[in-house]
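In the part that follows, the structures are each spelled out as structure tokens.
There are two complexes below, and they share chain A, which is joined by chain B in the first and by chain C in the second.
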Partner chain A sequence: MLNTFMNLDRRVIYVVLLVVLFIPLYKPIGLPLPITRESKATYEFIDKLPADSVVLMINSTGPSVEAELYPQTLTMARHLMSKNIKIVICSLAVEAPRYNTKLFERWAAEYKYESGRDYVILPYKAGGETAMAAIGRDIVSLYTTDDNNKPLAGMPLWSRIKSVKDFTCVIDIGGGESQRWMLGHIQAPHKVPSIAAITAVILAVTQPYFSSGQLVGMLSGLNGAAEYELQSKTPGPAAAGMDAQSLGHMWIVVLVLIGNIAYIASRSQTKKK
Partner chain B sequence: MRRDLPVWLGFIGGMVVTLETFFDVQIIKEMSNSFLQWRVVMAAIALFLGGGNMIRIHSKHIQRKKAVNSMILISSMFILFFLGVLDSRGIKSPTYKFIFDNMYTPLGATVFSMNAFYIASACYRAFRVRNGQAAVLLFSGVLVIMGTVGIGAVIWGQFPVISQWILKIPNSAAMRGMSMGAALGMVGVSLRVVLGLERGHLGAQ
Partner chain C sequence: MDTIGIWIAAVLTIAVYSFLFKENKMFTFAEHLFLGLAVGHAAVLGYQNVMNMAVNPLVQKGQITWLIPLLGGALLFTRLFPPYAWLSRIPLGFMMGVAAGLSLKRAIDSEFWAQAAATVNLGLNTLDNVIYLVTVVAVLVYFFFGVSEKSPGGAAVMNVGKLGQYLMMIAFGASLGSTIMARLSLVIGRLQFLFGTWIPILPK
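Now for the complex of A and B:
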């Protein structure tokens, strides 16, 4: 018996995980979602931004992290648009431009946002940290056209930008190191308030920057997006997926407990012998 | 010449960008900005080099063993490349959008989602209280999970509080120490590269 619990067949683990993920997606349970201080700070900071201010979003979303980062981008962008805050968005990941266009395909018409006047999508720049450094040093020289190859010069929104200091806030969306790059090349030298939208797996790495006040806000993983959706009273894809994530995590905790109880029991049995 | 020129170029580039951080001199600032923008262009060129390298490696695979996966990789790479080049709308073209939204994204997301199953299985097998340190890791991990998910708050209202405390205090302290150590190490390695003492990246022994 103990041996069975100590060596559960992985197919059992997989099937139960599949079931606990599927059931709440099919029929949501409505589990409560605690709002973390990071999500609260993010929402409150964005909510207090003055209308007509300009926010820079730096997007590094790809398909592998889409499930966590795209709902965050959607809900924050929607909140910004509802407050008539202008958005400049750029990409540091090669897949990110498609997410940027999808974002405005989805919301621009509803909020009457026009390209060039209310938002600008900048093209992808290769180089990772170097591209971030170039944004920090001289964003105007780095970009000359938008993602439709239209010259930026003459666009009403772009004419307001002389340097990265002209943004009231910078939001980095990425699951890798881009938050550290943003802090090093934009937040620290120019003191632009910065927010990080991250995957849950790098929460432990990014947390110290929020605790120190270098980040004014931080959204972590799908629950970060769900918490933001709840605060902005616009439940969306993230909130819908939280029950499934919650139960999936619970199954992992149960597995760990089963494994350890069986392990400790078998050890005490061996000692007795 | 083949060894010295890259070292000198590295020295000049590294020094200019470093000096720009400490001194507010216009010419250094302009040079530094130019270097950074050249680097962005070079990174874009490197993408082509990467693509070329992939074609070379996988062409060999196909010639040797008729590898199906390599064939799929090369053909999908060419299809997307020519779609981007031939259609002036680039990523706005309906065909690109269709492939990205209906093939690339679901495939990428599916591969990543598999992690959930492997993580579940790995947690079950690896998280065993074998000693004191493993116990600390296990309990803090479980507490953070329980504090992050909604069901944890239903079971006990203090889970989120404890989870936040673990992330804010012990985690921040440990991560800060590691970050500072890594940053100092990076300064040391960068200095060695700029001064030409470290030549491993040039193929030197």
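Now for the complex of A and C:
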């Protein structure tokens, strides 16, 4: 028995994990999902933004973090659109423009959002932190055309922007360092309220910025998106995936316990010998 | 067209996950294809970026200052010609300098001062805050190497440092937990695609 556990084929673990994840997706269980204070603060801040104000979304989503970040972007953008808040969205990652286009293909018709009037998709800018610093310094000079190469001059929404201070809020969506760039080059010098939508991996390093008040809100991983969906009463793909997430964690906890018990038992057997 | 895209995405998803069974040709093909696509995509966007940001303003509007970054970019390619490779150090040094300057300014403003101020102003009115402060102090003490066990009060300092070490291990454990959560989210996203879009058997 002990040897079976110690020599368990990793493929068995993967197959069981897939089954454990699939079952709740197929037949949702409805496990309770507590709302964290970070998600609550994010929802409440966005919910209180005045209609017709303009929000800047800085997107660094790529395929490797799509499952966590795109549901967050979808649910926040939907909430913003339902309140008639205008959106300017830009990309600091090469793969991000595709997600920006997809976002408005998904919601623009439903909320009667028009490009140039209600939203503007800005093109990708290379440089990472340098690009973020340029956004903070002079966003109007940095961008002259939108993602479709149409001149920004003359667009009603863009004509309202003179500097980054004209945004009522900046939302950074990324799984790397972009939140820290935003805090350093936009939030700290211009005092623009900032929200971070992050992957779960960087939760521990981003949390202190929320605790210190530098971030007014923070969504982390798939559960952050699910919590936002529940608060805005628009359950979506994130909420649907949370049962699977919880059961997956339980399976991993079981594996950790079994692994440790088997290890301790095998060690005591070796000592006896 | 959408249907073809969905099928390609589904087959490639299965090809990538087939690695968990064992390395195979399907996985290698998907891996190489992804790499090729990513590089191609980045190259096209990079080209557009250079054209829209520098070449077009230079040619169409006569903004000659764009010659400077264009020249700097061109110098980077001198690495391909060993006798002139030293020239690539000029733009490289400039880029490193800009990056270091930006990072330093950011780190001092929003990371060091803001975090230090928030920690100092932390009220000890909640258990969270007490744990936070104890952790900050204990971890800082752990990295204080100027005291040995034989120094006056050294044993107490070492014990606080030991506490800091355990607290760091808890933090690393929490980070690992978050990483597992993130990886599971990726699998869930793929399962939702495979059984929600490709073979739509999941409830809407």
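The rule we apply is simple: the second predicted complex is superposed on the first by the 270 of 273 C-alpha atoms of A that agree within 3 Å, B and C clash if a C-alpha of one lies under 4 Å from a C-alpha of the other, contacts with A are read in each partner's own complex, and residues count from 1 in each chain.
In this section, a contact is a pair of C-beta atoms (placed from the backbone, for glycine too) under 8 Å apart; a residue touches a chain by one contact, two chains touch by 3 or more.
Bear in mind the structure is a predicted one, so any value in this text is a computation, not a measurement.
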Which superposed partner A:25 touches (first chain B, second chain C, both, neither): second
First (chain B), second (chain C), both or neither touched by A:49: neither
Chain B versus chain C as contact partner of A:41, first or second or both or neither: neither
Contacts of A:208 with chain B and chain C, given as first, second, both or neither: both
Partner chain(s) touched by A:155 [first = chain B, second = chain C, both, neither]: neither
Partner chain in contact with A:140 - chain B first, chain C second, else both or neither: neither
First (chain B), second (chain C), both or neither touched by A:263: first
Residues on chain A lying within both footprints (that of chain B and that of chain C): 10, 14, 17, 21, 64, 66-67, 94-95, 97, 125-126, 130, 133, 200, 203-204, 208, 211-212, 223, 245, 248-249, 252
Complex interface listing, chain A residues touching chain C: 10-11, 14, 17-18, 21-22, 25-28, 64, 66-68, 94-95, 97, 123-126, 129-130, 133, 145, 149, 180-181, 183-185, 187-189, 199-204, 208-209, 211-214, 220-223, 237, 240-241, 244-245, 248-249, 252
Interfacial residue positions of chain C with respect to chain A in the complex: 20-21, 38, 41-42, 45-46, 48-49, 52, 98-99, 102-103, 105-107, 109-111, 114-115, 117-119, 132, 171, 174-175, 178-182, 184-192, 195-196, 201-203
Of all residues in chain B, those that touch chain A in their complex: 32-33, 36-37, 39-40, 42-44, 46-47, 91-92, 97, 100-101, 104-109, 111-113, 116-117, 119-121, 123-125, 127-129, 138, 141-142, 145-154, 160, 164, 167-168, 171-172, 175-176, 179
Residue numbers on chain A that touch chain B, as the complex places them: 8, 10, 13-14, 17, 21, 31-34, 36-37, 62-67, 94-95, 97-98, 101-102, 125-128, 130-131, 133-134, 137-138, 141-142, 147-148, 200, 203-205, 207-208, 211-212, 223, 242-243, 245-253, 255-260, 263-264
